[in-house]
Every structure is written in structure tokens, then in C-alpha cells.
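Please go over the structures that come below.
Consider the two complexes below, in which subunit A is the common component and subunit B and subunit C are the respective partners.
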Partner chain A sequence: MTMATTASARGGVPSLHALLRIAGWIGLGLIAVAVSLSDFLATAPANATAIGPLLAPPSADFRFGTDILGRDMLSETLHALSATVRSALPATVVTLLVGALFGFVAARLPRSLALTLRSLVGILASLPALLLAVLVIGLTTRDWAAVAAGLSAAPFTFVRAFDRARIEERATHSEYARATGISASTLLRRDLVYEFSDTILSSAARALAAVTLILSTVSFLGFGAVPPHRDLGLMIAAAKPYFLQAWWTAAFPAAALTLLILFARLAAGLDEGERA
Partner chain B sequence: MSEGRPIVEVQDLGVIHNGTTELEKISFRLEGGETLVLLGDAVSGKDALLRVLGGYAKRGDVCSGTIAFGDGVALPAAKRGKSDLRVVYLAAAADAPLHPHASVVSQLSRVIARRHGSPRASAREELRIALERFPAAPPFADLKKRPGELDAMALSWALLAAAIAQAPQLLIADHAFGDLTPRSIRAIVAALMAEQKRLGFALLYAARGLKAAAQFNSRVIVLRQGKVIEEGAFAKLASGQSHAYTRTLFKALPRPLDTPPGRNATRGEPLLQVQGLDLLGAKTKSGRGRDGITFELRRGASLALIGEEGSGRRALVRALLGLDNVASGRVVLDQVDMSILSAPMTSRLRRRIAFITGADDALDPRMTLWDTVDEPLRAHLRLSREMVAGHRETALKRVGLASYDGRRAVATLSPYDKRRLQVARAIVSSPFLAVIDEPLRGLDAFAQSILTELLEDFRRQEGPAFLIITADVGVAQALAEDAMFFKDRKVVERGPLRDILKNPKDEETRLLIEAARPVTD
Partner chain C sequence: MLRFVLREAGRTGLGLVGAVLLAAAISALAAPDAGSGAWHFLVAWGHALDGFAHLDFGHSAMTGVPAGEELERRLPLTLGLVLEGFAVALIVGIPVGFLFGAGPARRAAAPLVQVLSAAPIFCAGLALAFVAANLLHWPVPRGTGVASGLTLMPKDARELETLLLPVLTVGLSGAAAAQLALRRAGAESARQPWRTQLRRMGLGAWEIETVFGVPQIFAGLLSDLGEVMLALFSAAAVAEWVFNYAGAADLFVKSVALHDWAIVSPILLSFAGLTMIAGLIGRCAAYPLVATGAAP
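Moving on, here comes the complex of A and B:
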């Protein structure tokens, strides 16, 4: 029967989806462990030069090899990963507060005001997030890079939260609730308790992926982290002159960055091709 | 023509699914031209029977007994291969059996083409011919729309036409018409029976409620928890039932010729006064509004707004609650003119209104069972946590949901449980007006009986006025004393329901009453 076939087909997809999400959260958990233990796992302090020979390939002594200044790439990658995550976390909080929470509340403003706000933020969301981040850093200082990344990722999150809240607001159950005198504030509280709390983790993971990419790119372009504080973007940028001869100088930080973003996106349950 | 020939003979059929017995030793024989109605709720075992007969058993089904199709030998149900008999499945439009993004005609003609092994163009022609056999069916051109663009009745006609175009020998209908209005059911069942007479196929109709079963007036098997508890002609079962479960089921049978309760002598002051409410929107050329709807609902009274879909009943309720604007008219609720109230004041007045509807999305699916009942108390009154819990427990006990885990999400409840939860939410609101919109829609007969009793109890204890929206005179008869009949957004007849049932003056009223009457009467 068509219905049965469709149902079984539908039944299969969520389980794979759920498995991927679990894999994403496990991956993020492992990264969190690596970050919190980075000082113990790393064999050398951050930015310690002349630990080994210059540009030594991966070996038993230096598992990720060394860079042009003789720094241990494994230790450097762990420190840079830690620096990236520590910047990305406050940026994620900014994105959630300015994007998700504000978007959720803005959808309940008077209709004309809400739609105007939605249009304005929609225009911001159509601009490249990277340019927004660079603009905010330019208007402030590099110390504000995390806030800049959070703000630049916020428009997407705002639009997403706003649209979801509008759907809920127009749902049949909301109309029945209003018809029996349930106030707008009670409905907002209901949506915050159920919708926002249900989606907060996936929204956070989605925002984490977005701000990590923005922060790393900003650093890669030279607008973010400043030596001696190196994050993954800056490490990849530093490897530019010689990564064709010494691939490991760029490959390991890039792999760490890729895994962080991939796990965050899987944890968020992002579909193929969906943008943060 | 296979009239009179054996079509299917089931002997001691049993189905165990993943260790749970779904069907126990059921036996019946069905001949060409014969109709058998399987009556039971969601766990009665009729679904298991249909899927085994239809040849789409689930993984994990363990079948026993034998099935013989046509003149063939009886084969073990567990090893049954594909039958040469043309078994056709007719689904309910409400179950959304078609893909939402493809046109109805393309999907149905593909099914017919596959059945006959014919080109799609000729299958399309078969569908057109079958559809045109039904005068009340929508035009064939409408089938180019997607399923969501057709109403339930039009889609039901299309599904029936597709089933007939497959020239069935055994037609299995799974609650195919139960969610339609009584008038629609009467029309579509009459058309189906005419086709059955013409083609001689056997019909196995699985019914949750009695509305459609009453129109077939055929042999009925009553199933409960996988067992046959009663069997016989519908007319005989309707006149007397030997099993208590069957008695409860048949309480839901609409009997519009019975005498409904008279007006309550203790009715109070006017609660709702509607004057000249214009549902037609536009004003007349003279600039004055046309004669709108005027009526009054007193405290504790019950008024049924009866009519087909789109007749204006819901529009009236939305207008008088201020959810939609109207061209003209005045609504006075609880001595207050709604038109002069600010939005917050309107909201305060609405606190004493409860809704109980047949729409399963009327409750927030994310909320828990407890939160759903607590919300009106928390939102409208400043009560301690203990008092809220006390009110909630009392209400849930009254509707039979007290034993459920209160942290369960509404989304996980059955339609029957959601309906009972709506009643519990209404009970804690202590409303002066309860708007009850097709409360029994989609429920099985047992659930319909229980819910009707709950609503009667709710009215008896809390004493709200009832405003009932329904297309089923039987529902109105059970819950209301007065009625207004609607057609084309106008009131065509009004008055005490008892008087109207005895002597309907308008043709529309007569048709609505006639449709709710079982063919056994």
C-alpha cells in the first residue's frame, strides 16, 4: 500500500537523522574534553618555538610534525583549538540572545512593527556574515571579534526564530487559546518554555558552527586573533607560505576546524546544504 | 458480475503482532454483492484483519487460520500468496492517502493503470468515466488539483471513482466515509451501493463510528480486543444488543426521530444577544446592512447551529466572539456590548468561554497534559500551586485521564484522549459559555458515547450555555434543546429542536434530518 510504504520510508529517515545528531553531540563532547585538557594533552606550552627541527614531517616524536619555527604542531593545534572554542562560546551566546531570543519575542510585536523588523534583519541576513563581522571589528577593536562574530551570525538565527514563532502564533491551538482569553504574554511564555527550550540546544550548535567559521575566517584574513594568541584560523594563515612543501602545517589545524564545524552542524541536525 | 459467488471465506483467522494478540479466531464468508461492516475501535483488531486480507501484513505479524478467495481452496493465512481476485482498497480522505504535491488525477490514474496494466491515458479515461457515474461528484477537471486543494467530500468521490474504475471483486473500505457529514455519507454510500449492485463486488467496510454503518444496513460484526462479541444484521443490532460494549456503541447511533429533551425551565438571564449580525459581508445598495442574524442564548441554555460545511455556522461563532470582523451587527455578551470593548477587555470577557472542538490541533501538542489543564487557572486566577493541582486532579478524574502520566505531551495522546483533555480544560475554566464544534468528529462509536456523556455531565455540573456547531442532527439532538439551521450563510429555520424534528418546514432542514436517520428507521 502506498501509505504503508510512505510511512515506513518516513520511519527510516528520523532514526538516521537522530543517529547523526547523537554522533555530532558525541563529537562536540570529545572536543570539549580536548579543549579542557589541552594544557595536559599538549607536550609543549603555547607558542613555544624550537621544540624540534624546522618543518619536520609527522613522526613518532612529533605526531603532527613541526612548523617553520620548530613548534610542535600537535601542541599548537590543541592550543589553537582551545582558543577558537573559547572565543566561539561567548559569540554563540551573543547569537542566541540577539538572534534567537530577540527573534522569538519580535514575532509577537504588533504586526506592522514585527514585519518591518523582519524585513530589516532579512536585509542584514542577505549580506555576507564575514563582511558584517569585519565591519563591526573595524568599528570597534579586535578584542571585540567574538561579539562581532556573534552579531554577524545573529540575523540568520533571528529570521529562523522569528518565522518559527510566527507559525506558532498563527497555529490553530494559539487561536483557540486567544479565543478563551489566554493573553499574549501567556502564549509567549508557553512558546518560550516549549519551543525555545526544545530548540535551544540545536540553535546553540547551529550558532556555534556559524560563529566558528566566521571567527576563523576573520583571523585567517588578519582581522581577528593576534600573535602570540593563535587560533585555528591564524594557524592556517601562518602556514600559507610553505604548506605546499609542508602540508601538515595547514592540514592538522584545518582538520580540527573542519571537525569542530562538522560536529556542531550534525548536532544541530542541519540538513544537507542548509546554511547556518 | 460475481453476485452470489463466494468472494472470500475466512476461517479461524488469528493475528499476533510482535507477541500481542490482535485478532482471535474470526470466521466469516462474504459473497459477491454482499456487504459486511466490521465495527470496532482502534484496537479492536479490524486493522489486522484488513491488512491480512488486503495482502499487506506488517513485519512481525504471525497469522493462523485459512483464507479462501473466490472459488479457490482455503490456504493458510500465513502462507497466502497473491490472489487472482481483484482486491481494491478504499481509504478515507481524512487519512491523506495521496501525496500532497502531485495532482489527484495523476496519482489515481497511476493506481488504475497499474491495476489494469494499461497505459496512463486509458486509466485516466477510466477514472473520468467512473467519476461521471456519480452525479454529485466534482467535475473531472477538479481532479487536476492537488489533494489539499479539494475538500474532503470531493476527494472522497475521487477515491471512490478510482476504486470503482479498478473493477473490484472485493472492496475493502477502511473508515472511508466516517469523517464526512451525515448528508455526504448518505449520498456517497447510496452511490457506492448502486455501483455494488451494478458490478456485484463484495464490500468489507471497517467502521469506527455508526454514521456510515447505519447507512449500509447490512451484516455487522462487532469486534473488541480482537474478538467477535456480537454479529448480526444492523437493524437487529440497532433494536437490541446483548453485549454491554455493543450497547455503549449503539448509544451513539443518531435517532433524530426520538424526542429530544425539552427546554430547560430553569434557564437564566440572557447571556448572549446577537442583533442583525451580517455574515454576507457586503452592504446593500441603499447603504444599510441587510437583515442579519438575530438570536439570544440564555444562561444554561443549549443552542445547536446546524448546517453543512461552509453554511455559515463557524463564521457566526467567529464573528460573535470578535475573532473576525463583520459588516454590521451587534453582539452583547454577558450584558456587555463587544463592539465597544478594548482588546484587553475583550480578552478578559473571553476567559469565561471554553472551546471543545473536533479539531485535534486545538490543543498545543508540545504542552504536557497537566500544563494544558493548568493553563487557564494560572493565566486567569491567582491560585496556589496546591489549589491548581486540586482543580486539575478533579477535572482529570471526571474525564478519566487522572491515571495518565501528567508529563506526557499532548502530541502523544489519541484523538479521544485529546477530546477528553479539552473537556477537562473546559471544566477548570468554569465557563458561562462553551462553544462545542463537531465534538465527535473522527471518534469511534464507543468514544462518541463516552464523550457525549462527559459533555452532558459537564453541562449538568458547571451549567454553561452550550453553542454547538454540527452538521449532524443526531449530535444536536443529544446536546441541545434549540436549533438554528443554516444554508448559504443564512438561517433557514430556527426554534425548539423537538418541534423542528417533528415538522421541518425548510427543505434544507428536512434533508439534514433525513441524512442523520439510519436506513433501518
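Moving on, here comes the complex of A and C:
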């Protein structure tokens, strides 16, 4: 369902679903602004140590407190959010291309080839995306973490796009088109344009939520960002030894990460609990 | 029913063959000359497949221990964690799924569920650890693996408290997947046209729900058993890392970091195989429920 159709529900009054989607896009917009201005908004450069006392709790001087090396947590969270978003964007593009686009096109290939592809991707979809991402990074390098996250989120997206395309293929307009002699490639182009103009934003937001989750988790496990370039997952992993005594070292990066994923999920129009 | 089971078993069998080929390809990377060209890799792949056929997964590049032995030692710990997490998922997920699946409760709980769904599992694990340590004064597992005191069958309250954190982390992730499956099935069941027909036949709402609706909703949960297993395995990998639990998922992550492909491949194969088999069992168990519930 598009945003326009949801918004027009009940005589022009936007439904709760539409309002939540709008809130999601506003949230993502605010995060984009924070990421663009992170160097300006942060009071300290990335990874600058001994800015304040060690493990100081949140105060007027250090609103998010400081960590074990005396780094300002507010500045570090902003820089890490920026690093996370910058990795997640190319990963989102990979998921859309390899998952959504390829899945849609694959469904229109000759039946036996299409079903073989569906089965092959189904094998990858039966592996936890997190472990798949870890494996791809292990086979390449950490520099490929964004591509690995995009590829590991792609099987699920592929299967969803494939199944949608198969439904489209059996739709009435497709039968009329075939009956009137319109070629399969023209019909595919038409369906692709309609599919993507209708769902590109929600698909992108959905993919963003999925890859952010994977990227931050692989970073937490030590397979993502390489110090000194820290993303939110790595920041939380670094706080693991002492967060029981200094909660702020993990809580603020975790809150920033959760907000990013939450806004992406809302923007995608996902139902509560629905898998991204 | 038999035709359905045979068709699904065939599909799962093909999937398992694909998983074996993939795992053997990863195992072949452990061969010293596998990177010397396509031919050498194919030969190594063939050797790995031959080894797999004889349940020989090679030896760890780090410890020299046979991969099968390592798997035998670590996999039960992960499976135990996943099974205990699955129990939590059912105990929490099913009532929550039914309670918040429809009506005003669903609308009231929606914002909270959205936020909880957005929280990565490692953040949830750390939050649980923080609450357990600072509010409940439970011991939070430290050190490495089994030495940290994590046992699947706790003998006293202290051991139970230590085990509860990873089990809860895995269980909550599974509960989220289970309640999602229930909500999806509930929405699907609510849209069925036979509801109107049954009402016209004079059946009450309670009778329609219990005799026809509930079996279909449970069938939806069973059909998504593979997806629930995926959520449980992902959560197990994170929980084992967070709580220093020496299971197979933790071993997988460490082995990938060390490029110990002989260890990586059987673990990957086990996880993929278990997910596929769980999916098969779930779909087969759902079939009679759908047959009785959806076709009154």
C-alpha cells in the first residue's frame, strides 16, 4: 500500500499507519541532518581521548558522559552514527539490486531456471543473515562489511520480490497483455516501473533497517568497522567490559542505533514485530 | 497428506543437498592449494564432498582436532540454548501473540512492540545483563565458555540465574518471531470468507474461533517454524558472544575470524540443516490443522 492510499483512508484523514510512516521519514530526515552536520555538532573530533575525566557520568559539561579513555560520548555517538549510516547506505543499495531487482527479474525467467534460482537462494535464506554476513566478511575483508551486510540481507528480499513478481505474472493485466501479443520483456519493463515507483521508498527503508541491524551486529562481534573508525556496534562492543558500572557508555549508542532502525521500520510501514 | 509430505521432503532434501555443496565448498578453502586456480579448488571441493559423505569434516587448522569432534562437543550446548530459548519463546510468544494479536490491546501495545522490534538482540542482551546485575543482583557470566559456569542443566539457583540471561535473550528473540507468525496467521484467519458462511449457518463466534480459527492460527505458527529457528540461531550467536558461552555459534564466529574453514563448514551445515528440517516438520504438522480448520 502506498503512502498516498494509506493517507487517504477514512475520507482524507490520515490513518495511524500513514502518520507513523510520516514520523519515520521525519526521523530519518533528522538523522540525515545530524549525520551531515556531525563534524559541526560534535564538540570533539572523532576518537579524541582525554577530553574529560575517565568514565564521568552524564552532566552539564558532558551530556552523554565520557568513556574509559575520557572521550566525549555525545561527540563519539554522533561520529559513530555517521559511520553507521555511511556504511548502511551502500549496503541498502546492494540489497535492493541483488535482492529486490534481481528477485523480480528472476521470477520472469523461464520457469525451470526461475525455480532453480529460487531454490538456490532459498538455501542461503535458510542460514541466519548474521552468520552469512560474518562468513562473507571472513571470505573477503572487513572493508567489504557493507557489501556483506547487503548480500546477507538480499536472500530474504529476493524471495519476497520473486513471490510478488509471480503473483503479478498471474494478474489479469498480464493475461490481457499476453493475449494481445505484448512481449514478455515489455511486460517485465512495465511491471518493474510500476513495482518500483510504487514500493521503492518502503523497500529502501525496509532494506535500511535490515542492513543496519546486520552491520551493527557484525561490528559488535568484531567483523565490521576497524578502529579508530568506530560505528555504533563497535562503540557498544567497546563498552561491554564496563557498562555494568557505567551504563551511559552503552546506553546512548544503543539508543541511537535503536532509533535509526525504528525510524527505518516506521518509514517502511512495517507492522509491529514484522521482519525487516 | 502423504503427497504433501513427500513433496515437502523432496524440496527439503534438495535444499539439504545444496547446503552440503555449499559447506563442502567452504571446507575446500582449507586445502592448501585451493587458491591456486579453479581446477585445484574443484579437486579440493571433490575431496571435501567425499569426506562429508564419510562424515569426515577435516581437522581444525588451529588446534588440529577433528572438526566432527569439535562439533560434537560444542553443538549440544547451542542446541540446548536454542531449545531452552524455544521453550521461553513458546511460553512468552504464544500468550503475547494471542493477547496483542487483535482488538484494543493490539493498538495499545503497538508502539512498545515497534520499539522492541527495532532493538538489536545484542542491545537487548546487554540490557538484560544490566538489569540482572544491578537490580536483581544475579551473576552475569564472565570469563570464557563452560569455565564461566554456564551449564544447560542447572543444579542450584545460582547456576539457574547464570543460565537465565542467555536463555532469555534467545527466548525473547524467538518469542518476537513466534508472536509475529501468530499475528500474521491471525490476520489471515480474520480475512477468511468462511467466517461469514459459518455465522449464517448459526455458529457462534466462540465456536468459530475455537473450532476453525485457532487451528489455522497454530498452523500459521507451525508453518513459520523455520523462520523462528532462524531467529533463535541468530540470537544464540549473539547471546553466546555476549555471555561468553562456548557453544557452536560462538565457535563459528571465532573460526571465521581465524579462517578455520574446516570448523566453519560443518557448523554452517548443521544450522542450515536444522532450520530446513524444522521448517519441514512445521509445514507437515500444519497441514492437517489447515485441512481441518480452513475447510469447514
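To be clear about the criterion, the second predicted complex is superposed on the first by the 262 of 276 C-alpha atoms of A that agree within 3 Å, B and C clash if a C-alpha of one lies under 4 Å from a C-alpha of the other, contacts with A are read in each partner's own complex, and residues count from 1 in each chain.
Keep in mind that, in the parts below, a contact is a pair of C-beta atoms (placed from the backbone, for glycine too) under 8 Å apart; a residue touches a chain by one contact, two chains touch by 3 or more.
Note that this is a predicted model, so its numbers are computed, not measured.
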With both complexes overlaid on chain A, does A:P128 touch subunit B (first), subunit C (second), both or neither? second
For A:L257 in the superposed arrangement: first (subunit B), second (subunit C), both or neither? second
Identify the partner contact of A:S15: answer first if only subunit B is touched, second if only subunit C is, both if each is, neither if none is. neither
With the two complexes superposed on chain A, say which partner A:S112 touches: subunit B (first), subunit C (second), both, or neither. neither
For A:T180, decide between first (touching subunit B), second (touching subunit C), both and neither. first
Using the touch definition from the top, say if A:T141 reaches subunit B (first), subunit C (second), both or neither. neither
Between subunit C and subunit B, which one touches more residues of subunit A when both complexes sit on the common chain A? C
Which partner chains sit in contact with A:E195 here, subunit B, subunit C, both or neither? Use first/second/both/neither. first
For subunit B, which residues count as touching subunit A in their complex? 54, 56, 58, 89, 91, 95, 97-99, 111, 321, 323, 347-355, 357, 359, 361-367, 375-376, 378-380, 429, 431, 435
Which residues of subunit A touch subunit B in their complex? 1-4, 6, 171-183, 186, 190, 194-195, 198
Under the definition above, what is the set of subunit A residues touching subunit C in their complex? 16, 20, 119-120, 122-123, 126-131, 134-135, 137-139, 209, 213, 216-217, 220-223, 233, 236, 240, 243-244, 247, 250, 254, 257-259, 261-262, 265-266, 270-275
Counting only contacts in the complex, subunit C reaches subunit A at residues 11, 14-15, 18-19, 22, 26, 29, 107, 109-110, 113-123, 126-127, 129-130, 133-134, 140, 176-177, 179-180, 183, 226-227, 230, 233-234, 237-238, 241-242, 249, 252-253, 256-257, 259, 264, 268, 271-272, 275-276, 279
